[in-house]
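Supplied in structure tokens, the structure appears directly below.
For reference, chains read A, B and C in written order, and residue numbers begin at 1 within each chain.
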């Protein structure tokens, strides 16, 4: 028996919990330890503190391994088990669900211990995993995230390390954004109108050069001061021949619709144009508009 | 104590505090054993105020203390943080807009004549507020009705150089394949008139005879 | 459009907005017909960032966009504005959060498996109420346990642009007392190997004693 487990054959060699001493709460391998907790032996009256100080049995085991150099192999299983069972009575007043996990850990340790003590069947020699492997893996895994939690806590975070900068906004009125309109939507709406218009009216809307319509509005705007303007001044030669023609057509159309007046005092004399549709009522806005119904009756000469 | 540090502290505190801060409150940020020298906070405030010349916020003093606030000149943009999308335009609005685009200059009465229903005042106002239509004059008939035309903003919005780029009316009638591509509901022609009456809440039906 | 005006608008908007703003959101402050030129907002951000060198605040980018925040070096003073506001988080909360952050999506059972203790319902609730974590799905196993992931608010709170910026997860550390005796080079058969291979995926099957 040269197995490492053989070394522990003589236990329990662990000293009893040192309740006779005042400060050290436990003694590990003969060394009194002042910090809480010292090893798996938890004095019942310290149990509550103990449970709060550690995040669970893995945390405790890690602590013991890293700080106390506890050899997991050197755990007196029988003693631990006996003590844990004793705790059950104490824990009834405490958070039992937390304590249960420590009991589970004790069971795991006991199981490891017992598996290591048992002789292995020769056939499985070399195949059976070390019973501690799973525990070690879990300890390592837990340690990573314990460290990650500490790193996370070190990050600059709002409220603790920084604060949002904000300026006052004197006017919090909500801006209204008009809806988007698809050109095709508008065209389709128009088509519907035209379909209905054909039902209601005898005159269909003719195809028109829209640039003339646009120019009509522009000419009217330029004439909005109700003054006579030189006929030539309405043209912009830079637009080229087509632009001149469009302007000319729009003037003819405006004249036909009696929206402008064209004056020539004598043959070959200068021609003047004046708006009959001047924006005289512009400033008066809505109230100046006639009733919609009478308005509708106003334009039969279309 | 470094005046720059004091200025940084005052600036950060004014930007972090939910309320305006008085000089006394600002002085209270410094621990007793490391008070800001007398006048240092006033000095920091003065410097911060000047430093706002080329910034989007300004440091102002109000009844309850000092605060940074958004400058009025950029408010129009900042206000868009709290935007509210208006509801989609109704069919009535789109029809009115289309008629103004294709038949300008046109009066409201003429639009009503073609549509067969009265045009809600809000419809016109909506389009005017969007600056897509404007009054280009008044027809010289009794009542002097306003003549509406479209604007450059209208052309810009739809990416048109001129109205000529709108499809001709004749073409419009012959493009049924337009329909399947449209993302919105197309009312089947059969029930179109019935549905249209619900388009706009305040829209009264004009008697069809009126348009003859 | 004047670059200074754009910078003022961006600065004012970032200080006026209750949340960090993305480049797209900032671009949305400009109306359709007067968009900021391409790259202008990025330029404004860069200038504002530089302009913070001699100020008490800084412009940072976090997961949900850009924001101004108090510089860490003056925060100690600014923090006196609030008497007791700094929530301290317990180790249980931080460990749970770290597991969700690094191992998401992860179930509560998987967290418990790694931590070796039950996760308090309040811990999860607290993290959910802070909107640092959320349920991102359910694992397709009996009981359909919820899978948790972190949110943008979590990244924002910790001043991170993405999960990539989390501190790297530590390497597995050797357990010195045990390691030399452990035959890790021998492939452990049976349950042990199955469990070990699930190292990264989060393990469902624990030792039977572990599960509640």
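Convention: a contact is a pair of C-beta atoms (placed from the backbone, for glycine too) under 8 Å apart; a residue touches a chain by one contact, two chains touch by 3 or more.
Fair warning: this is a prediction, and the values are worked out from it, not measured in the lab.
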So the chain most remote from chain A by C-alpha centre is B
Which one chain sits nearest the middle, judging by mean Cα positions?
A
Approximate Å spacing (C-alpha centroids) for the pair chain B, chain C
37
Roughly how far is chain A from chain B, going centre to centre by Cα mean, in whole Å?
27
Approximately how many whole Å separate the CA-defined centres of chain A and chain C?
11
Sequence positions of chain C contacting 2 or more other chains
12, 15-16, 57, 68, 70-71, 75, 78
Residues of chain A that touch two or more other chains: which are they?
163-167, 169
Give the list of chain B residues in touch with chain A in this complex.
12, 15-16, 18, 20, 57, 67-70, 72, 75-76, 78-80, 82-89, 91, 94-95, 97-99, 101-105, 107-110, 112-116, 118-119, 121, 125, 129-130, 135-147, 149-150, 157-158, 162-164, 166-170, 172-173, 178-179, 181-184, 186-187, 189, 192-193, 196, 206, 208, 210-212
Per the touch rule, the chain A residues reaching chain C in their complex are 4, 55-59, 65, 69-73, 97-98, 101, 104-105, 107-108, 111, 126-130, 132-134, 136-167, 169
Sites on chain B touched by chain C in the complex
4-5, 7-13, 15-17, 21, 28-30, 54-57, 68, 70-71, 73-75, 77-78, 80-81, 153, 156-157
Contact residues on chain A for chain B in the complex?
163-179, 181-197, 200-202, 205, 207-211, 213-214, 216-218, 220-221, 223-224, 257-259, 275-282, 286, 288-290, 292-299, 302
